[in-house]
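Next up is a structure, given as structure tokens.
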Amino acid sequence: MTEMPTILLTGFEPFAGERTNPSQEIVRALNGETIAAHRVVGAILPVAFAATLPMLEELLDLHRPALALALGQAGGRSEISLERVAVNLIDARIADNEGLQPIDEAVVDEAPGAYFSTLPIKAIEARLRSLGIPVAPSLSAGSFVCNQVFFTLAHLLATRHVGTRGGFVHVPWLPEQAARHPGQPSMALDTMIAGVRAALECAVATTHDLHVAGGATH
Amino acid sequence: MTEMPTILLTGFEPFAGERTNPSQEIVRALNGETIAAHRVVGAILPVAFAATLPMLEELLDLHRPALALALGQAGGRSEISLERVAVNLIDARIADNEGLQPIDEAVVDEAPGAYFSTLPIKAIEARLRSLGIPVAPSLSAGSFVCNQVFFTLAHLLATRHVGTRGGFVHVPWLPEQAARHPGQPSMALDTMIAGVRAALECAVATTHDLHVAGGATH
Amino acid sequence: MTEMPTILLTGFEPFAGERTNPSQEIVRALNGETIAAHRVVGAILPVAFAATLPMLEELLDLHRPALALALGQAGGRSEISLERVAVNLIDARIADNEGLQPIDEAVVDEAPGAYFSTLPIKAIEARLRSLGIPVAPSLSAGSFVCNQVFFTLAHLLATRHVGTRGGFVHVPWLPEQAARHPGQPSMALDTMIAGVRAALECAVATTHDLHVAGGATH
Amino acid sequence: MTEMPTILLTGFEPFAGERTNPSQEIVRALNGETIAAHRVVGAILPVAFAATLPMLEELLDLHRPALALALGQAGGRSEISLERVAVNLIDARIADNEGLQPIDEAVVDEAPGAYFSTLPIKAIEARLRSLGIPVAPSLSAGSFVCNQVFFTLAHLLATRHVGTRGGFVHVPWLPEQAARHPGQPSMALDTMIAGVRAALECAVATTHDLHVAGGATH
């Protein structure tokens, strides 16, 4: 009897003075669920530069997932953001939850300047849009812990888990967070959960991304 | 036996190429509900300059509501918008659903330049914020059918139904609408329904608005 | 020998922690200039609710202008804003320069809810756009001192100087101001001066505004 | 007698239906000028994926600049954008001026995923801000011709002109462009020219960037 293949789905604990983090709530909702014949294994990461590499290493070694998706919060964005590019740069605008604030450092010394998501970004975008879920590709995941986790994950997949595809998705604030940030957009948790579930279904099923124009002129 | 007092709650049909209108969905959801010992009477208005005055007159005469709240869609806004000011101006950027596009006309000749909402805007704002629902006051409801309905309603309340309080609330696009408008914010229908219900509860209970600073510097 | 008719052009002193105010700089630049055979008389108003009514009364009585244009700063806007509506409402988000912060008061008791600009907004918009100057009409001048001055001016023109046309224009931050507000737009002083000069030329020459669609759907 | 060292400064011809391109105007203004004891050599690049690599190769071989700065237009941004990251990705949202629209291709096969600007981004940001010029660092130059030029330049500097530092700066629309894009920000040409001149002065003088926090949380 073969075991069901797994999807590793990570989220983050709250940071920057927030009491919650939508990425954490999505992981809690989908943990243990079966999506496209894959079991979802959820994990919550600290917002801490020092902790993420060993945790990701351990999670990948333990679960040997077929697919790995890391989620993070992008307060101020309106849509589910499908990140394409992880850059080898840390430049922390604020301190992490352990008080560290590294400036202009590499995520991984000697690694390339960037990795690209190996998820089918454009197929996922089309799928979510067809389901009525606001979504957009993104060419920058920032230079804070989200980007560090994305880059670290991509580096581990490229160097040590070469059969595993992976990527990063940013989600907006929850309404209860936006209620304390006047003028800012939000998204309901249910919409985010539906979006991440659909993204995972699409990613499992799609090995060649759509060949449609996208990108940004700047 | 006394009848339960009523709240008149109006929404709009879809316009501007949309297939739905969140204001219509909110009205459908709350129609017939009892809120703060008032029965909600819902009505859907056409997006048509010529039709709204007679319809509002008839609705007010028929139901003699204690409170009247008109809802409309504000595509591109992130929050539930509590409108403060109805201006005596129609300037239609697009044609209405009957093809009319009036330019720089009065809503009601000989009426004042503006009416103010008689709902407790700041109390409602505080209530929704405390419930984790994104909300903001607004000083302009535009110059299209939404403003026309707001002004007409306010004029009828000021001149013929002087005991009835009333106002206007704009709501964001639904997620399925924003999915077709890249980069734009949205709000889940459930959040909007909860917000409008809480606004009505607060309006019924609050006869003197909070005395807290608000407004806009420009 | 007849005297040249005058245009009254007012700006504001700095407020909200700024060291300058573009409206003041524009007035200094155009004061004394002859525009469309009218002499520009400039005046700088304090950002103070208590001071503006007597100052405007005195300026209008003294200069008996053919046209009166008040300017103010709208930090965060990208374009020269042609204000259409002055509302009879003061709701001060911040204190004025004398420490006063009135909440939900009328500008003028017993006056109408709003006055409309009597300048040819759409002709001015078309003129500036044709000159390559970013411009937009606006339906709200806020509820702070700018709106108070606009309403007071409109009230004085409507009740005591009925031959004089007048209005209000908001201008963006200067680049040196935006440099201290990350992410915010600005406009060069020269562009603003050219825009206000062209607006005044157009206003003097245009007694009937263009009949073209404008406005806002919300 | 030694020759004066040179700075290579490139801009782009108009694209996307525009009649001008601010980057081209800046290059024309600064071409031949002496900045920090370096002679500025200007060049205008076509907005054409096929043409840029051979042109950059030729320009670098011919002028052997001490510093190379490429400029491009970022319509919709408010500030001078100091780009940090060039990614090895082309994904053209629109066709270039020769009708080519490559999708999801590498800029240079076998090259790393990204290069970083070797200009002192944070020192330049501080310098411009101190001069009152709106400025911001940016982590994405898009995936169109601007990014292709930035990546190509960085690749050539990294592999064949290792003593030459270089980078990319995006500039906003000019006012006359924004006048045709309602709601969009702009910057005067004089402000941009002053900003690029100051950036070049700072870049020549600064070999070690400031160690101050920056970056983006997402």
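Which chain is which? They are A, B, C and D, in the order written, and residues in each are numbered from 1.
In this section, a contact is a pair of C-beta atoms (placed from the backbone, for glycine too) under 8 Å apart; a residue touches a chain by one contact, two chains touch by 3 or more.
Being a predicted model, the structure only gives us computed values, none of them experimental.
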Would you mind checking the shortest number of contact hops between chain B and chain D? 2
Higher-contact pair (C-beta pairs counted), A-B versus B-C: B-C
Would you mind working out whether chain A and chain D touch using mostly the same residue numbers, over half shared, or mostly different ones? same
Farthest chain from chain B, going by mean C-alpha coordinates, please. D
Using mean C-alpha positions as chain centres, tell me how far chain A is from chain C in Å, no decimals. 48
If you average the CA atoms of chain B and of chain C, how far apart do the two points sit, in angstrom? 30
In whole angstrom, the CA-centroid distance of chain A from chain B equals 38
Which residues belonging to chain B are in contact with no fewer than two other chains? none
Among line, ring, star, complete and other, which best matches the way these chains touch? ring
Please output the residues of chain C touching chain D within their complex, sorted ascending. 78-79, 128-129, 131-136, 174-176, 178-180, 182-188, 190-191
Footprint of chain B on chain C - complex, ascending: 16, 72-77, 81, 84-85, 87-94, 101, 103-104, 112-116, 139-144, 146, 170, 209, 211-218
